[in-house]
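Have a look at these structures, which come just after this line.
Both complexes below contain chain A, partnered by chain B and then by chain C.
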Partner chain A sequence: MIQTIAQKEFVSTLRDRRFAVLSGLVLLLLLAATLVGRASYRTLQQERQLAQQTVNDQFRNQPARHPHRVAHYGSFAFRPKSGLSLLDSGVDSFTGSVAYLEAHQQNSINFSQAQQAGSLIRFGEMTVAFVLQLLVPLLIIFLCFGAFTEERETGTLKLLLSQGVTLRQVAWGKIVGYSRAVALVVAPALVLAAALLFTGEEFTGGPDLVARLVLFVVGYAVYFFVFVVGAVVVSAWQASSRAALITLLGFWILGCIILPKATANLGATLYPTITKAQMDAEVHEQAQHGIDGHDPHDQRAEALKAALLKKYGVDSEEKLPVSLAGVQMAAGEEYSAKVYQQHFAALNATYEQQNRLSNWAGLLNPYQAIRPLSMGLAGSDFAHYVHFQQAAEAYRYGLVQRLNGLQASMGHGDKERRLGADTWRELPVFTYQAPSLGWVLPRLLLPVAALLLWAVGLCWLGLRLISKTSVA
Partner chain B sequence: MRVFWILFAAEWRHFRAAKGLVLLCGLLLATGVYGIYYGTTEIERQRQQLAALPELTHRNVEELKVKFPGPADAGDIGYYHSTFAVHHPDPWAALSLGLRDVNPSYVKLRLLGLQNQLYATDNTNPMKLLSGNFDLAFVLVYLLPLLVVALSFNLLSSEREEGILPLLLAQPIRSATVIAAKLAFRVALVLGLVWLLSGVGMAWAGVPLDGRVFSWLALSTLYCLFWFGVVLVVTALQRTSAVNAVALLGVWLALVVLVPSLLSLGVAAARPLPQGIELTIKQREEIHGGWDRPKTETMNRFFALYPQWRDTATIRERFVWRWYYAFQHLGDLAVAPQAAAYATGLQARHNLVETLNLLSPAINAQTSLNALAGSDLPTHLAFQRSATRYHDSLRAFYYPFLFRKVEFTHADYAQEPRHSFTSQPELATAQHGLLKLLLSVAAVYGLGLMLLRVRPVSPR
Partner chain C sequence: MTYLLEARELRKQYADKLALRELNLQIAPGEIFCLLGQNGAGKSTTINLFLGFIAPTSGAAFVGGLEVAANPLEIKKHLAYIPENVMLYPHLSGLENLALFSSLAGFKYPESELLAYLTDAGLPTEAVRRRVGTYSKGMRQKVGIAIAVAKHAKVLLLDEPTSGLDPKASNEFSELLRRLSEQGTAVLMATHDIFRAKEVGTRVGIMREGELVDVRPTATLNAQELEQLYLTYMN
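On to the complex of A and B.
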């Protein structure tokens, strides 16, 4: 019986001209967003690869230089786009794309796309995720708001029930029917996206990318299911089609527009961010005077010198087999990197506190559950950004310390000498390996749980509500 | 006219009885007040952050005074000393934050090459940037049309659906009067809310009482009227309430969501931006190449630009600061075309949006409010130019010390130039916006009235 009702809803939905127009529009937007996402992915990826290649070549082809000069010359780390980010660009547009890596300091990641897009970006970006998260639910609302109210208004609900069907069966039939219609709209775009992904050069992730895409699709399927069930429940609960539509649109506005913004803003107000200027000043202060304030830089340097002299059993700097400046530079870098790490950890902890409010709001609002899930799977969320930041810093630290090591091995009087051009060719260049799905999944437990809770909770509570609804 | 007021009063009683609508208005008022609260606290926070910067410079100077107890080489000071170019917000920015969170409100500067300092960003939470600002402009541009839709999607259709319209039109009342009275009541209600919120916002933000008060009110009023014009058009089509709701929301979706995001893509494609990163890479090559080039070559290039220092002593030392700063500056000059192209590219994108914002009154309203508050891209570019001039003045201050080998004493710190820049509103942009909004309003009302004339209101 459920199948019969589902088939009826599916067929009559397809025959509805309004649905045809709306779904055609959504499908068109989805396809356009996929193609645009792919095009922008390609340009950005090519630009970044080319730039990374350029700076790598520049680094390798340096003339004879003193290693500390090379440490200041430094390098750049460009953030590669993740394959699935063509579907959901997440926070990518709002984070910088490149970090300048040099001795002594950690620089900000500069040149974000948001800075280059002007205030238009504030209205939202046309990505597949945007269409899936905001517009498809709207389509579902328009599709389902009359599920029960129309049957009641035309008096067909009574007829239906007189056939011996329960309200619950009617509801399930409608949910299944509408779900099929929604799948028909969304599937082509996702198939196109998958085809593009698996035929293009983006397909380097292998099984990891496949698993991500599958979870991505499953996540959205659950999200749409929640909206279909919710809309059918509201339709049964409200007296008239008009009231049902207004209620559903109200929920959509609250959940998709107001709450995400309000929680993000509230989080930022509750946990203020320290400015970069203030943070740099504190880092400098602690690197100079010691993390606890009792271990000043000069004393550390003196102690290091004494220890070195003792180790090699000599009485002056000139007789050391290593360059004191190089050893001190390495110790200084180690210390200041430690200080930087502490401050960056604190900063990221602040951001995470700010975001926590929004993440927990996923329990109240399915949109705020699918958003982090989608970005996380697409590799474009905050955690992935931090991962890149840390990889860039690890490379920077390794490179600078290697150069300091080279300087130390030059022995006393290194300042007057240089190392040959071939030295730089032996140093590793920056390569970035995006984290695997196994790294991501534990971070996405909350949104997954929230989404499942919504699906199960709505089915259970909502259908109880439906079986009690009035027939006439 | 009496009939009009009777209908108007009836609408008021109707509204008071409809708990849902009253709740909705209360909700909008609450979100508006939250928007004002958020905007003012955000601007206050930025002010406090900017106010804390001189203290950082002071601490830096104190540290240098300890490090260099006696007269010092100005080159050392220029290397270790840092100061700030600051971008103070206009009080109006609290009502329309614009891009003040995406772009940093200060730049830390040293005497070194400018171009790898100018684009540094502040600490920002990307998730927060993605979600955007919940300021009063957002409430007015984004949410207010939704209230208009909720209040008026069944303007005439509910009367028809409840069977009242035939009764009403059986009286000696023109259908135009009915629509006018119903619309006028809603316009009065919504404009009352808008003016109340704007007034509270202006008072809370402590804005100066200049012509911008009028401009803000005119912009928000016209924007509201535009949406009531859309309501008029949809009402004139005389469909059912459900169809009206879908149609109005469709228009909202198109103008507030779809057109801006598609326009964003179009503008990016039509005005490709030279990559800022190219500039940084090239500047690094230039500056670090400076170490490897013969000193006389560097100095001759520098003296060609600054002949006043030509007569200074020939450099024979392995390292001397004036040579170092000369190649730092030459690095900046080498990428001057790229820097200019980057800035003009950004401006060109902004200009194209300004030209095309007639497509969506929502974009027009948002950019006009930003222009009024001086929180948009042109203001940031003006700040960057101001910071560049400040860096020039710093160089002009240090060069005599460096080239004439004058010792830098503790008293000289106080002589160093300071920087301050306050956002200036782009009044011309706001006025253009106002005119274009007026055009949009005229267009929708014209269309609505024409439709009503073509298809008289049918009672059923």
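On to the complex of A and C.
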């Protein structure tokens, strides 16, 4: 019976011109967003790969120089885009993509697309995720708001039930039928995205990307299912189609616009972040407590010198087998790196607290459950950004300390000497390995649980309510 | 005797209105019982109570000996229903609508049989594959009749079934009811049409303000007498 009703709903929906127009528009937007996302991905990825290659070449081709000059010359780390970010660019447009790696300080990641774009980007980009998260639910609302009210208004519900069908069977039939219609709209865009992902030469596919895409599709399937069930339940409970439509649109505005803004504002109020100027001032102040490698008269530098003289059993800096300045630089770098890492960790922890609040709101709002899940699977969420930030810092610290080690090994009088150009070619360049799905999945447990709770809870409670709805 | 339809002290009270006052009614196999009365007299409420679409305030309704409230699904196997204004799914054809409703009732007919049910109900052959959205009210009504007949139910509940039918189609419908009655089908038909009630019914009941005020065998009075009786109660 459920299949018979589902087939009727599916066929009726396909023959409805209103659905044809609306779904045509949504499908067009999805396809356009996929192609635009792919073009944008390709451009940015090529730019970043080229830029990374260029700075790596420049770094390796430096002339004979003092190692500390090389440490100050520095390098850049460009964040490569993840394959699925063509579907959901997440926070990528607002976080930076390039880190300047230099001695003594950990720079923040700069050059976000939002900095370079107009103010319109604040309204959101036309990505596949935008269409899937906001517009497809609207399509579902317009498709399903009359599921029961129209049947009741026209009297077909009585005729249907007089055949010996239960309200619950009617509801499930409608849910299955509408779900098929939604799948028909969304599937072509996702198939196109998959084709682009796995055939484009710039995409490094692999099982990780396949698994991410599969989970991405499953996540959205559950999200749409929640909307279909919710719309059918509301339609069963409202007295008229008009009331059902207004109620559903009210839920959409609340869930997709008001609640996300409200929780973001609440998060920022409960867990305020410090400004960049404040952070710079605090880092500068704390870094003062460490060794200043550039100041030979620094008291802590003097203490380190004394310890070094004692260690090597010599009475003057000139007799040391290592460059005192190099050792001081390494010690200073170790201290300042810790200061920076502590401050960046504290700042990231504050952002995490804000994000966590929004993630918990997923229990109240399915939109806030699918968003972190979608971004997380697409590799464009805050956690992936922090992963890159930490990888860039780990590389910077390792590079600078290696250069400090080279300086130390030059012995006394190193400032007057240079190391050959070949030296720099032996140093590792920055390469970034994005985290695997296994790394990201534990971070997505809350949104996954919230989405499943919504689906199971709505089916359980909603369909119980439907059984008690009036027919006559 | 086993009645196919029975109401025992059946009462329906809404918050501010008594829709049905202690109805006692028995309809035997082969009987066509016509309920006459003005709008709001309780005719549709009676039918909805037999269908199980509304719960009685007190008393009980029985279909084929089964209490409706206790067996809401089981009783639907025994009855077919035609509303005053048959509304079907406008994006499906008459044939598809009939196939759908028959399938839900547990009957999977080949297309030739479906076509026969529709044409027997008076739907023109050229219309059966057209979308119902293009049908007139009378054509929809005929599909509704075909749906009811295809269910082979022991009980027919009809709420103004000839509304919208032209005289020829109405006569054909009366013929159909007689045929079904001869096969043992019990019919409860709510109608405003006194002459149709006299012509097709075996008994008529007059309802006023939720109360069945009179019941007469149609054989005992002619159409004019029935009209006079009806007007007497209405005044």
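In the analysis below, the second predicted complex is superposed on the first by the 458 of 472 C-alpha atoms of A that agree within 3 Å, B and C clash if a C-alpha of one lies under 4 Å from a C-alpha of the other, contacts with A are read in each partner's own complex, and residues count from 1 in each chain.
Following the convention adopted for this analysis, a contact is a pair of C-beta atoms (placed from the backbone, for glycine too) under 8 Å apart; a residue touches a chain by one contact, two chains touch by 3 or more.
All of these numbers come straight from a predicted model, not from anything done at the bench.
Q: Taking chain A as the common reference, can chain B and chain C both be placed on it without clashing, or not? Answer clash or fit.
A: With chain A as the common anchor, chain B and chain C both fit in the superposed model.
Q: Which one hits more chain A residues, chain B or chain C?
A: Of the two chains, more chain A residues are contacted by B.
Q: Just chain B (first), just chain C (second), both, or neither: which does A:310 touch?
A: neither
Q: Go through the superposed model and pick first if A:338 touches only chain B, second if only chain C, both, or neither.
A: A:338: touches no partner chain.
Q: Touching A:142 in the superposition: chain B (first), chain C (second), both, neither?
A: Touch partner of A:142: chain B, not chain C.
Q: One more residue to check, A:156. First (chain B), second (chain C), both or neither?
A: In the superposition, A:156 touches chain C alone.
Q: Contacts for A:319 in the overlay, against chain B (first) and chain C (second): which applies, first, second, both or neither?
A: neither
Q: Have a look at where A:100 lands relative to chain B and chain C in the superposition and call it first, second, both or neither.
A: Touch partner of A:100: chain B, not chain C.
Q: Contacts for A:58 in the overlay, against chain B (first) and chain C (second): which applies, first, second, both or neither?
A: A:58: touches chain B, not chain C.
Q: Quick one: smallest Cα-Cα gap between chain B and chain C in the superposed arrangement, Å?
A: 17
Q: With the touch criterion stated at the top, can you tell me which chain A residues are shared between the chain B interface and the chain C interface?
A: Common interface on chain A, chain B vs chain C: nothing in common.
Q: Once bound in the complex, which stretches of chain C touch chain A?
A: Touch list, chain C to chain A: 48, 51, 53-54, 73, 76-77, 79-81, 83, 85-89, 91-92, 96, 100-101, 103-106, 131, 144, 147, 151, 157.
Q: Which stretch or stretches of chain A touch chain C in the complex?
A: Result: residues 1, 4-5, 8, 11-12, 15-16, 154-156, 158-166, 470-472 of chain A touch chain C.
Q: Quick check on the complex: what are the chain A residues that touch chain B?
A: 18, 29, 36, 47, 51, 54-55, 58, 63, 65, 69, 72-74, 76, 78, 90-91, 93-98, 100, 107-112, 114-126, 130, 134-135, 138, 142, 145-146, 241-242, 245-246, 249-250, 253, 257-258, 260-265, 267-269, 272-281, 288, 347, 350-351, 354-355, 358, 382, 385
Q: Which chain B residues qualify as touching chain A in the complex?
A: Answer in residue numbers: 20, 31, 34, 38, 41-42, 45, 49, 52-53, 56, 59-60, 63, 84, 98-99, 102-104, 106, 108, 116, 119-134, 138, 142-143, 146, 150, 154, 158, 241-242, 245-246, 249, 253, 256-258, 260-265, 267-268, 273, 275-278, 280-281, 284-285, 288, 291-292, 346, 349-350, 353, 362-363, 366-367, 370, 376-377.
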